[in-house]
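In what follows, a single structure is set out as structure tokens and then discussed.
Chain naming follows the written order as A, B, C and D, and within any one chain the residues start at number 1.
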């Protein structure tokens, strides 16, 4: 077969295990395939650096490009340049804004709005089971402000919750920046401020565990239903221990492999759906046996 | 600086052999208040803050909240203690944030490999090595501390990522380890981090105020050349300050790791500036030679309570940035204004 | 050759020698390691390097002047972000939206004015309160960042205007728009710092503030002007960059101050003030960009880049010291 | 009678807690060299700073050529024709000579550009007048201290001055430069400029000034014609008593050799230096500024690595690697630059005084503060240090008292060898004689003392023997019987009995 060079610029490797595992999985998948060579770049969370990397990849005339955007809008002009140079672009993990859709071939990743919705359902179901669906009060700890995944998850959650549990009130949302320590601080303040917290929705399990730690320290963990997203190993363990209720199972390995595959499919002239979601099922204490423990 | 106001009118015969202050009558009480504000302005600001927030939300002053704030400030506070030494010696340490993530990640990783009993000393040793490197570069090679520790900020972050492979670090058996005592236990109802913070603050406070070493730190920061001419080994003193800073960072890393038994590589990032803000708020001069541990503790608590208070009155986290800005400028301004006896700077 | 001019040459020329060394290294070793099939030294790649150096570079020119003046500005990253927010947001204000593309120059003006204003606030505080610039700008680094967040919550501010993007992406004589801005700013700042009374006074103030005061130089206004200039340049950097990208996160520009200071120090400007020049700063800016890009070219991971840049910064400081040390006869204090 | 070039009326200036000037009136005629004298801290510099627009007077007014003026900035003072040559070097060392001379008033072209041509041309013209060996484009930092002082002085010639103030301009000039300076002053006087000249050196005052005004404790004590007075009368006016400035004739019993130096060299700084000091002896080091005396002291104190030779303490060869080491071996150095090297200005008096022995004054792990206070009190009384108490910040003391703190700091160490470098630089006559007395007393108690000084009366007054240095080498060692002013001057000018004219300052 033909030899392809595919470039990827990632958001911020090393900031959490998900992104690191993604990178490793991506490299492993590429090595396993003799047809591809990859140029792996990391923007370190900096938009300017990412735009520069996109330009570099264009300049290096890669055959296709995969982008994990640091900012869903800021990369659009750079993506347009790739488009103008006839380099197919696949967006991975976190989508770009709609204005850019003309310039990309596909988005490959989780459906974050659905994830938010599913988290709302998990939360609501649990409240119903406990019989507090009419009076429960919850707080939300969202991801990094301005980051598409964070916005979409919060949006999905906030839209869906009133549909399934109209009487549950979301009393406050604060960002935890995908950061366990930050989230722990935010939760500490919530615990002081509100005597009655029945549930916590966190933009990912990393933050969720931070919130759990805070609640544990205040001896209130037992009263609170913790629901997260992106089931990290720590979240899985906390579920095993019975402290953490549910999450969304999302594998960075699936994520990375799907992105690479999407790019290859495009290069091989196959038809790929524009929004190429991979499945991210609900996981709770009840069904966690069906899932293997996340490796990250 | 009350001394300034007690200054004799001239050094001539009026004060010959005398030790009494010839302060112009009437100026005394004014100078007294100004002097008090200059010395204790930060305390006054602190008290005003506490009253303000308490009026805004009665929960603010509840024992749980107060303990909670101090506990979550403890990590920042422990780091600020060490940085206080470095700043008084006339240098900066911008690498403490990176270094803290290093020690947190290292102790968590080693915990599962060699057990907590060995992991803790090993982590302290490694962190002290980083501090020693800082101290060697700044103390012995006399390189500019801002740039050196800026470089170390970046380099240590690279080191941490290399160590962890970019992955989160978590202790496997969270329920079964005694490692959690430092971050999670209470003694007499008081959380361990607070006890450790206060214990360390007392020890280091006494060390700085009462021991020959502390005196040397002030001398080296006040005038390094004069200190050398007085037989003080400046390089060694600066080196030791960086070791103390690293020791505090390691302690902070221990508290952090023990508190959550797992961590991301980003832990501690950006803390160097918060730490510095606390130290400056406490009144230490970046030129060196002034500052105390007690004031740094107050600076730390002010930052902690502002953050908490704003959250309690329902303001967004970023309002805290603006408030901190205003407070830092006001605190430092009033401090130097009182010292020079006029509000506006005499700069033309 | 006058005594001392060799070490002066080393100090000013060394950074360019370092840039050449980097280019040679990445051109040879880098190409051997790299998976990419275009050479590192391809002209297009070098032109891109210049373009990508522009955002940091433009601010670094202002920082050079500030540091020559004996001050420092830690708030440039936040100023950069706030100017960007104003730039992009103002274009969607109703009366501006009604103006069509004529809104662009006005939006630029707003952004630049805000940058200059933020600089002026820093400068005024430094001047009037006498608080050290490090502390003042450490504070405003937090404060301005807070304002960025307060402006638009935690959401990104976006306005994708293709006319603007086309302008920003344009190439003239092979150089990209941002490169032209970088070169123009460098030239202007070189002129300002070496040829004007203001520039020379800035050196004098940084070198010996008391002497400058005694000689009747009005230190305050000079510092104020320099802070206005760096605020303006931080905003110009934002204008150049965000014209192309069209969206700003409230966290953008964080740590820029560190990159900028690193570039300026690599260029040989002393933190103590009184010495330094913008041409060497340009060398410092390019050196960092080449290093970053070259390491990326070789496939180095983020952690390696961090480690290398940190250690190079320390090594440069060390070498500079060795070059300037008076030898074994020196006083050992 | 012509109008005065400058008149100060009833000037009052207070600093927090200090009445630095207490109603001083004072005038300078055109074409007059007017000396301003007074003890350290009498208010001379403050008065001149009021004149120079640096301080604003609380009361009183300044009249220039019969017109009252207010000067809020140094710029405005200059515009009134008042030029101020500062006591402390006030130069931007990274800039060129020309930029320094015209600091604050660089010639401009359009758009705020510097007019370099004019600048260099004017500067070179001035430098020619001053007969210096450097040009307008030289970087000031590369000049010797003395040449830097000349740059400072050159500023007086840049404007059409009505009055020029020299605040202790000769503190670091060689004799050759001094005479150039005096020529310049004579020129200025000839062209009708009023000159205010501040100095503690009597011989200069009597050589070049027309009238002398005296300040004491911030108040005006009167003006006398130089021709009609003498040193003793001026001293009386300044400090209220007379002083004995005779030569040293009393000799103590000398003990063993405490310190011996054999063939010590340090690169280009000094070469092949040999001498010895006995217990109970005061050894003076005399030479021009730049002769390398300070560097020898620094080498003895472990601050420089000698490139050859050896040092013996009590007959044993020692290697002194640092001040810490030197102190441990019983050597103390009162450094030349008290603000830069001697004191931590922000610290209090007591802590400064006990700094070198803080490791030894311990109660358990802590500093024994009681013992420290005792030491401070002892030396305050002994040296008559005037301060309200040990808590006073050293930076707030007057220069003379600061100097005494430094001396106290080293005396309290009970060193075997005490080296004092320019112990009375910038110190008024009263304090000076106290310090001289003290040095003699120390020798009497068995200390070996080395006194480095650039003032001949001082070395002659305190020393038992005198080492004359020139350009890094010892020219000759005199006993106090054989020394005369003439042979001493010859020795330090590099003239051996039969040689030609001296070489100028070493590069």
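We take it that a contact is a pair of C-beta atoms (placed from the backbone, for glycine too) under 8 Å apart; a residue touches a chain by one contact, two chains touch by 3 or more.
Keep in mind that this is a model prediction, so the values were computed, not measured.
Note on connectivity: the fewest chain-to-chain touch steps from subunit A to subunit D number 2.
Each chain gets a centre from the mean of its Cα atoms; the one farthest from the centre of subunit A is D. Rounded to whole angstrom units, the spacing between the C-alpha centres of subunit C and subunit D is 44. Look at where the CA atoms of subunit A average out and do the same for subunit B: the two points lie 36 Å apart. With centres set at the average Cα position, the gap from subunit A to subunit C is 34 Å. Averaged C-alpha coordinates put the centre of subunit B at 30 Å from the centre of subunit C. The set of subunit A residues that touch two or more partner chains comprises 13-14, 175.
Residue positions of subunit C with contacts to 2 or more other chains are 149, 153-154, 213, 218, 250, 301-303, 332-333. Within subunit D, the positions touching two or more other chains are listed as 73, 303, 322.
Chains touching one another form the pairs A-B, A-C, B-C, B-D, C-D. Against subunit D, the residues of subunit B that register as touching in their complex are 1, 3-21, 23-24, 27, 31, 206, 210-212, 215-216, 218-219, 222-223, 225-233, 289-290, 341, 348.
Looking at the complex, you find that subunit D touches subunit B at residues 15-20, 39-43, 73, 216-218, 240, 301, 303, 322-324, 326-328, 333, 335, 340-348, 351, 355-356, 358-359, 361-362, 365-367, 384, 386-389, 391-393, 396-398, 400-401, 409. Across the interface of their complex, subunit C is touched by residues 52-54, 73-78, 84, 86, 90-95, 99-100, 103-106, 108, 111-114, 139, 142, 266-269, 298, 302-305, 307, 322 of subunit D. Interface residues of subunit A, counted against subunit B in their complex, comprise 13-17, 19-21, 23, 172, 174-175, 179-181, 184-186, 188-189, 191-193, 206, 209-210, 213, 216-218, 232-234, 237, 241, 296.
Partner subunit B is touched in their complex by these residues of subunit C: 125, 127-132, 134-136, 138-147, 149-150, 153-154, 213, 218-220, 250, 258, 261-262, 265, 271, 301-314, 317-318, 321, 332-333.
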